[in-house]
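Letters are used for the chains, namely A, B, C, D and E, taken in the order the chains are written, and counting of residues starts over at 1 for each.
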């Protein structure tokens, strides 16, 4: 049997997933999983080498084909998806050891990989939706693996992402209607009129998957409820990759828009809002994982902002940021998982001074944290600079400022986190902790290494992974020079540096106010007059899109139920019967059993008959 | 002359209706029957007249009187007063309406009285043409007899 | 066997065979059950033999002359074969499920008689090409439903059974009047002779009322939630497999395939369908009774099928047909899962249930799978049908309808998961384990089929495509 | 020997009370049912003749001497004869067990009354003479007054008395009409009247015929319980022995009422738009009022009485349309209604025989204990409501088609909606009597005895078989009868 | 129409009116029967008059005689019912005869 190599990334995980169900021993399952992810990774690597391939099989008719296409960009994404998978699986062998549902866990992980690979490779929108939507289920199931309350969060994620997916579906269908084709690589449209609506709908699908506001609410909740590996696996890495991958494809290939076109403004606005608000929320978190999760949201803002600028630099920056973010955020989540594994908690209040006992974790955390904060020479710095430049080029300074504000608070919050967990005084609330075993550490080390590598030698990932995204856009490539990004001496880079200094100042101030307790470092900001009320509202989930949406849906449902459905039923149950009863009552009262009454009806009937007959005959002549 | 007989017929009918005493009304009814029979004679329907006198004025009156006797004592039914009061007015209105109606829709009277020719014999007509009615009469009598039987059967004649 | 013989057997084996069920019941319970399953099995098998005929792309018409205008006419084409395969198969599953479900109840003879006759009447409806015979089988199915809903003989049950019968009869009687109006126009009840005919709006309205009442579409839908008092297999058969599909089938057969709809209705129907969907979904969100929620969900999903069919474009119609299949599988699965829960716990109020995933994992998983399919999440079958319906709607230019339909899909997700969470998750309130392998077998089969129908969607899709082409042959 | 249809029941009716002294039960049972069966078989004898469209005007001879009896046997009267024989056979078989009840007794008298009603109806149907119709109508009527009060309960007597008094008024008006016709034409024979009237076109004569028509509609309408002349029916039926309403509603209202009306209007006077319109409206009013009143009843037989009123409305409407299809529908419905309505009344008799009551709210869940009664009742109910695949559906369908074809859209709609109400009240019967939970009072109730069940099953089978085999039945019996009406004025 | 027939028909109408008036207003069952009898008289007069009008008195007579026989049978049965009612109710008031209604 001749199976096209393009099917391997999809079929392999499926085989591993199904076979895994039949394994009995826990150890065996772990090995099996590592082996599986390695195999898929290898497969992805081979494909990355091939770069160009396509496969078209007939499927549903109507132009809906089973259409896979590999080219430079999605080969890169495919590779990274599988790298993260491999790392997370490796990490999971220890982290998930205690879980009783390990079998299910790997099943879902492999299914996730399958769907992710499929959606990356798909070149037909329906096929893409097929795989894309499948991720919903695995995400739902993965979150369900968490603690007792996780099902609520799981539902939240399902509904929010479901909403995004339905928007995506509508956008796709609209696109189909407009362009007459479903082949992603064959569509090329100006984002105007209906096409713009279609673009916005697909965009919602993409940024929703990536976790931008306002579709982000499930992420912080999941950080608490779901296993940390799941967080590292999905919201931190895979979903960002996929979401931004889709956004890139539709912004670059499927639709075209000019710099500062309405679409661009919308994207940038969403990005900027996401950056600022999410980071503000992240700042005040007292739980490490929750803090990370808000950052996961905030960073999406940068990517969207970058791609939304429509400038070559911004776009490249956005995509690069996606990659970088996936690396360091996975690293951060993994380190938080490491802390949780060792100390049993991730609450900053209870932790402290772990650097001594967990040096590797601490170091990796530091690298990733500096990276996310955009400190030179880590990778985050490069991509963020590109985004700053890109947004600055659009002329809307406000977005750049928003990005800077984001940078300030990002750094501040990580200073707080690092300070309270790894540095500072040793906490007395937790028992003595030990560094974790190597399967936990290796992924973090690898990721940290990537952070440094991509920061110092940024031209490598850009050439290798990012530029293929722009293949077919020579005009973009032509303008692109990377020289100034590496230079620290340009005004924008200086301002960014300034931001870091401000952040440091803020942290210092906060720690001082909090009597040396690092986890209170964000309190000054938290307690600012107006901001405090906003925070309180936010903590009470007033801004929670999901909670409010659910309330609205419930209200709407009730309104419809009581104004449409029940009245209709009322007609059957009451109006008809009661009217009938009244009429029957009247008729029955008339039939009073009196002979004279009955006789008079008959006689009256006779007279009426005679009269009617008479008039009718007269009429007939 | 005819008109007086008819008036008498109507008068006794009215009395049969409005007399309080059932016995008297039954007798009034019989008298009315006799007037009707006289009318029949005058119109040439002799056999019908005989039947009217013997069966209606006789048999039916007897039946009525028997029933009245059987139910006499405590069966006084209070009758309303107003029917008697209204009756003359109603009757007058009805007669006027009836005459108007007949003049309008039915052919007006012509003065000439037709000759009451008797072409056929009564027996021939009855037996030759109306045998079906006789069959029916048998049936009616059966029905009447068994009907009355059914009402007066003893419940325990099993 | 010739095609026509197979078709006649498909219709008359269950109808006539069902009459012998009480007799079989006189012998022994086992004989009766075996006989019932045998009948249902034969009925499920026979249409499968017809599938090659469906792909041949031609139609076969059988005509038995009776009385001028009342000829017994059967039409065998892709559409009718598709419908008969789907419904007889689900019917079979439900009969098997009943073996476990009602084994301790009274009046089983009547139950099996009615179920099997119901399947037979559905076959009759599907193949009839004479409006009068369509109506005839239509009402046979209504009679069966009536007895089945009132199966438990409680006062409420019987009242609701009466309500269902009356509402559907009301609609059907008006539909008959519509048929007569068409007869008045054409002088025949023969559908095969009226293709491409333009009909008056009044006739359409009357016929539509019948379809809506049978398919439980707003505003004639409330009997369906109330019919939830029936024993569960019945509700399942009523909703998912057969009953509500009758209306949409008739719609496809009469309005898509045969007549030309007036413009007014082409514009109005999508709105009606979407509103129906939305209202029912909202009601499902508010209700607390497990079966009522599912029933409202059915109402809501039927709206999609109508939406797809009313588009009269290949996508929409294919989507509608696929929807019939997918919804049949997954909604039957949901109802039967609910039946397992109810059978074991004797509770239907979701507020009194919870945490059953611990004691009833298989039921929970199958429920989840079916629910996801109903919502329309890939890789399950429901996704494709929903996608195609919506694609059809957008292609037909009804953008608002499409967006409302998607909003309804979101609501669907919301209420189905509300149900799932309340029954299977959270705190365990009633601890009862799964029993009755026959029932579990059926629900697992349905869940697996929902999944397989999604993964190997191309096979049913090709079938639906052929049928859709057939349907749209006479559409201008 | 067409006269046999009248003579045979008449003679046996006369003999039975005498023979009753010999054998109180078995002989009357046997003789009466034998007569009904014989009449049924004998009516087949003429079926081919009649379906060929021939009319037999039979002059009866007695030993070679012609008697003054002319009987008219055409397809229409044959259909009626057939229906009468069929229903009366059903009722007769039912009575074998039913009249054994304590309150009824005296089988010979009972059967002779039953036979007299049959003789009376046969006479009406066969008569070629307006006055003959009247006389035989009275035979049937008098016998049925006695039957209506056969249990001698006070309510039975009350119902019977009202029935009688209203009928007397009706027959008086009929006779007034007859005498007007007589005064106009000088004859009372149907073909004589027809031929005289065919030549008189004057407006005054039209008025006179109009008045006569009104009188006849009122008189025969009261007999066939058309609203507003229906009021005797529920009273007479509610307490009477179930066989009387079965007989009366099943066939008498049709033979003594509707048949005469259509015979007169279509075959004798010639139909006029005025009569059609009036009948149409009366029919529709009957349909609606009857159905609604039936909905509110608690006494089973009273409910069925109102239901009969409603169903008769359908027939009236069908006849009033005046198209061939309308005739077919109405005649078919007439036959069907004879079958299923008598079955329903017999069911109520079975219930009463088993439980001693006919009040619906005292019953409940009898289906378990009386499966045959319940089953046949469902069949009859659904047939009445016009649910396929039973016979009532086809007849109603044809009537509605005829209405639509004649452009009476509103009436068609009303007819359809009324059938929904019909179904409604039958579902109420089902719910309260059979289909619910068993009322504890009746836990020892037994199924109806053999002959009662047999008769119910027989009638129910006819409903089902006709539902499937209706085309052949229509071709053999109904169409020729309809052709008689289509052919118009007789010669 | 002859004058006699005209007058007779008026009388018929009046008799029928009186009879119906009695049926409508009287309360005694026997009175009601008397009313019915008066109507019947009107009817038989109408039959004979019709015969006179058409010069066919013989036919009219035979009809009238049959009618009278029918009348007797009817009255007999009616009176039997009245006696039955009297036996059970001890009253002849039509107003008490309204147990059946609705």
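One rule holds for everything that comes next: contacts are C-beta pairs under 8 Å (C-beta built on N, C-alpha and C of every residue); 3 or more make two chains touch, one makes a residue touch a chain.
Not measured: the values here are computed from a predicted model.
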Neighbouring chains common to chain A and chain E, by label: D
Contact clusters after notional removal of chain C: one piece
Taking each chain's C-alpha mean as its centre, the one farthest from chain A: B
Dominant interface by contact count, named by its two chains: B-E
Identity of the chain that, by mean CA position, is farthest from chain C: B
Most central chain, judged by mean C-alpha position against the global CA mean: C
Cα-centroid distance, chain C relative to chain D, in whole angstrom: 43
Rounded Å distance between chain D and chain E, as computed from the means of their C-alpha atoms: 26
Interchain centroid distance [CA atoms averaged], chain B/chain E, Å: 6
Where chain A and chain D are represented by their mean Cα positions, the distance between them in whole Å: 77
Interface hub residues of chain A, defined as touching at least two other chains: 588, 591, 593, 595, 599, 603, 614
Touching two or more other chains - residue numbers and ranges from chain C: none
Sites on chain E at which at least two other chains make contact: 5, 19-20, 23, 25, 32, 49, 51, 55, 59-60, 63, 66, 70, 73-74, 77, 81-82, 84, 97-100, 102
Touching pairs - complete list by chain label: A-C, A-D, A-E, B-D, B-E, C-D, D-E
Residues of chain D defined as touching chain C within the complex: 365, 368, 382, 385-389, 393, 397, 400-401, 404-405, 412-413, 416-417, 419-420, 423-424, 427-428, 430-431, 435-437, 470-471, 474-475
Of all residues in chain A, those that touch chain D in their complex: 580-581, 583-585, 587-588, 591, 593, 595, 597-599, 601-606, 609-610, 612-614, 616-617, 620-621
Chain E - residues contacting chain D, complex: 5, 12, 16, 19-20, 23, 29, 32, 36, 39-40, 42-43, 46-47, 49-51, 53-56, 59-60, 63, 66-67, 70, 73-74, 77-78, 81-82, 84-85, 88-89, 97-100, 102
Footprint of chain D on chain C - complex, ascending: 66-67, 70, 106-107, 132, 135-136, 138-140, 142-143, 146, 150, 153-155, 158-159, 161-162, 165-166, 169-170, 173-174, 176-177, 180-181, 183-184
Touching residues on chain E, where the partner in the complex is chain B: 1-11, 13-15, 17-19, 21-22, 25-28, 30-31, 33-35, 37-38, 41, 44-45, 48-49, 51-52, 55, 57-66, 68-77, 79-84, 86, 90-93
